[in-house]
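The letters A, B and C name the chains in turn, as written, and every chain counts its residues from 1.
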Amino acid sequence: MTTDVRTRGGGPATRRSASRRSHGEAPFRFAATGAGILLLVIMAAIAVFLISEAVPALRANKGSFFTDLTWEPNGSQVFGIAALAFGTVLSSAIALVIATPVAMGVALFISHYAPRRMAGPLGYLVDLLAAVPSVVYGLWGVTFLVPLLKKPSEWLNAHFGWFPLFAGEGAIGGKTMLAGGVVLAIMILPIIAAISREVFLQTPRMNEEAALALGATRWEMIRMAVLPFGRPGVVSAAMLGLGRAMGETIAVALIFPATFDISFEILTPHGNSIAANIANGFGEATPIGRGALIASGLVLFVITLLVNMGARMIINRRKEYARSGA
Amino acid sequence: MSKQIQVSGLDAYYGSHKAIEDVSMTIEPRSITAFIGPSGCGKSTFLRTLNRMHEVIPGARVEGKVLLDGEDLYGSTVEPVSVRRSIGMVFQRPNPFPTMSIYENVAAGLRLNGRVSKSESDGIVEDSLKGANLWNEVKDRLNKPGAGLSGGQQQRLCIARAIAVRPQVLLMDEPCSALDPISTLAIEDLMVKLKDEYTIVIVTHNMQQAARVSDRTAFFNLDGQGKPGKVVEMDETSRMFTNPSQKATEDYITGRFG
Amino acid sequence: MTTVQHISAGRRVKDRLAQGLVYLAFALAVVPLVSVLWLVIKNGLARFDVEFLTHSMRNIGARDAGGGAYHAIIGTLEQVLLASLISVPIGLLTAIYLTEYGNGGRLSRAISFFVDVMTGVPSVVTGLFVLAFWILFLGMPFSGLAGALALSILMMPTVVRSAEEMLRLVPNDLREASYALGVAKWRTIVKVVLPTAFTGIVTGVMLAVARVAGETAPLLLTVFFTDSINNDPFSGPQMGLPLYVFDQAGRPNDTAIDRAWTGALTLILIVMLLNLVARLIAWWRSPARGR
């Protein structure tokens, strides 16, 4: 018996004197292990059942699922995910470009600039952004942000219209990719800020002091010691934010005008995403329509899964590195 | 480039706790001054007041005067950043920047002061590594991470990094406490060599080390738990270790406490 | 000439600029929070009345004012309660497995990794999963329970992580003291470890509840819509407060938009209250305060 290895893990149940009283041990251990395995089963089941319910609809599809722009599973039974996937990627990219620098600033503010006493409560304030339900952001976006962005959008279009993203004729502003992207940015900001803040706070004190002792200003110290140390953490935080932006549903379902085309014009009323389309299309979906939505959800699941796994791998590798360094 | 430090009536606090009280001393250029004393007597705190690193800790503050060749380092127009630029520091545990190569570590401080040409920077890195007795060991792997070196090599790398910016004074806070005896010896040799150019101040727990390398020694002590640390006496090292004027010093040196 | 050189103007400007940008970033992050909360309070108070909290939308015409969210509030409370009843035991047992039995083996590392990955599963996907499995594959009806299933999948990883963190904080001395008395491992966990970590676990569960209480997408696909009161989460379509806001916000008339704002206010009050209570419990029991 490997007693010395097991004493901490196996406890006294392995000892003869205690074995009389430990008849509950096996069921308890079984339940705990079973619960853990159940989580793995659920993850697998998500994939399995999304596939099994998507297949009939994909069989009935008269178009090409990966390249068609149209989404008419209820009528002509022609549907493709190209426009939706494009919208998902573009809106998330806008969100990431806006949110990452702001989130890093917020994280540095809490970790290195704010007075110590205030840092905790101020950090909590940013965390509260994550507590606001998605549907409330959607409502806020439609009624407040969309009109607010009208003027700046027109200005951008007038002065920087040569830049493809800001190009477009006719109606400028309104329910646009930009509006959706800004709302998504606000929604993913707390998670990026929270993780970045944690890694910035983990910067070894002795490296910060080394920089200061060389005569570095606070900003130079941050560039010399804090940012290089935190880079992998910030990258994975941004990836987690990206995953969240791609899966975000209700806010963008309210904001996007549900167009089915591929357009880089983020200032004209265009926009849709896989998730938004599921929310908007579910109500009037036929059985084939539901299958088609499930198929699109499967694509979303796979993409977010890959992004999340990548982010987690970076974090885990970093944890091991940090542990071996300590 | 070596300068004299004069300290008068210096108190240092952590919040409301007074860590050292009324320290006055003169530290001579081109010599090694050692601070010895029991744990918690404030010698490291005092060392950190000399380059204004003490105030980096939240709530920490200093009262009193520190003159570097007559200029008060705590004067109202003096910036802590430029003080630290003039007074280099080496820490208890080697702390090279983990993401930087050996070369980048040594050049880290240089780059703060504007553009340095590649050839100029190469020259300074080489000189500094030679000055830190490390050049021969690392010249073939300057682009490898500094964290890959042994503990003793890392500490010499940190010394090279500190002297690369040409400071006037070099502060060392127990630089050998995390090192093996052979690395310790290498650092001690290095200190003796560096004192030709720098004012060196070293905090040490190791009395033999103080006796071996230093020219003058200050003995710090405190009256009891929670009381501030003070300088009991300061003298030529040879006299201090053979014929101390204070009873407490003698007790400490002969190993009766501490 | 002074002994100590001043730092160059360029370095000083850069330092100041960086500081300004960092402060600006923080301000930028707080602006939307303030704006959202302000608008929700301002627009939500108009209809935050007794009728709203006690009536459903039954027999309220498309353009009518009045009506309320009682059915949605009831629905949300029941769905969240059911979701907790499902996810807390599973999450807690998983956390116990990871801290007490896993020993860092391959299975526990796999579970730990996928718990992290699971936090990133989009909420709409869990809704689709319940739709595909529970409703389409098993042929179950749309119901509050189906919504609760979807929400419970979203809650599980949060519960596991917070419970795990709390269990790891329990000092090993306590476990060993119990073993030394000859108490079996599972009884040690139940009688010593869990009670010690209890408040921390409660905090974690409440934060998880707060997170899912505002979820709309999974409900949309699983509980369907109704304008009537349905107190039975096990049969027939139900409503949920987030779903109610989504539904009303999508309608074109001002009376509906007013109801959407009031629904949003009610929802935020519930979520913030849960958050606040959870933090208060955490703060109340934090070791730093005991000293």
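For the reader, a short list of remarks on this structure follows.
As a working rule, a residue touches a chain if its C-beta (ideal position, glycine included) is under 8 Å from a C-beta of that chain, and two chains touch if they have at least 3 such contacts.
Just so we're on the same page, UniProt names per chain: A = Phosphate transport system permease protein; B = Phosphate transport system ATP-binding protein; C = Phosphate transport system permease protein PstA.
Keep in mind that what you see is a predicted model, and the values were worked out from it rather than measured.
Most remote chain with respect to subunit C, judged by CA-atom centres, is B. Of all chain pairs in this entry, the one linked by the most C-beta contacts is A-C. Here the chain at the heart of the structure, going by C-alpha means, is A. Centroids built from CA atoms put subunit C at 16 Å from subunit A. Between subunit A and subunit B, the centres computed from C-alpha atoms are 47 Å apart.
Mean C-alpha positions place subunit B and subunit C at a centre distance of 52 Å. Counting partner chains per residue, subunit A has residues 215, 217, 220 touching two or more of them. Residues of subunit C in contact with at least two other chains: 7, 11.
Residue positions 81-83, 85-86, 112 of subunit B are each in touch with at least two other chains. Subunit A meets subunit B in the complex at residues 116, 204, 206-207, 209-217, 220, 224-225, 228-229, 231, 325.
Interface residues of subunit C, counted against subunit A in their complex, comprise 7, 11-12, 14-15, 18-19, 21-26, 28-30, 32-33, 35-37, 39-40, 89-94, 96-98, 100-103, 107-108, 110-111, 113-126, 128-129, 131-133, 136-137, 153, 156-157, 160, 172, 175, 179, 182-190, 210-211, 213-217, 220-221, 225, 242, 245-246, 249-250, 257, 260-261, 264, 267-268, 271-272, 275, 279. Put simply, subunit C touches subunit B in their complex at residues 2-8, 10-11.
Listing the residues of subunit B that touch subunit C in their complex gives 3, 68-71, 73, 78-79, 81-83, 85-86, 112-114, 168. Contact residues of subunit B toward subunit A in the complex are 51, 53, 56, 58, 81-86, 88-89, 91, 93, 95-100, 108-109, 112, 147, 158, 161-162, 165.
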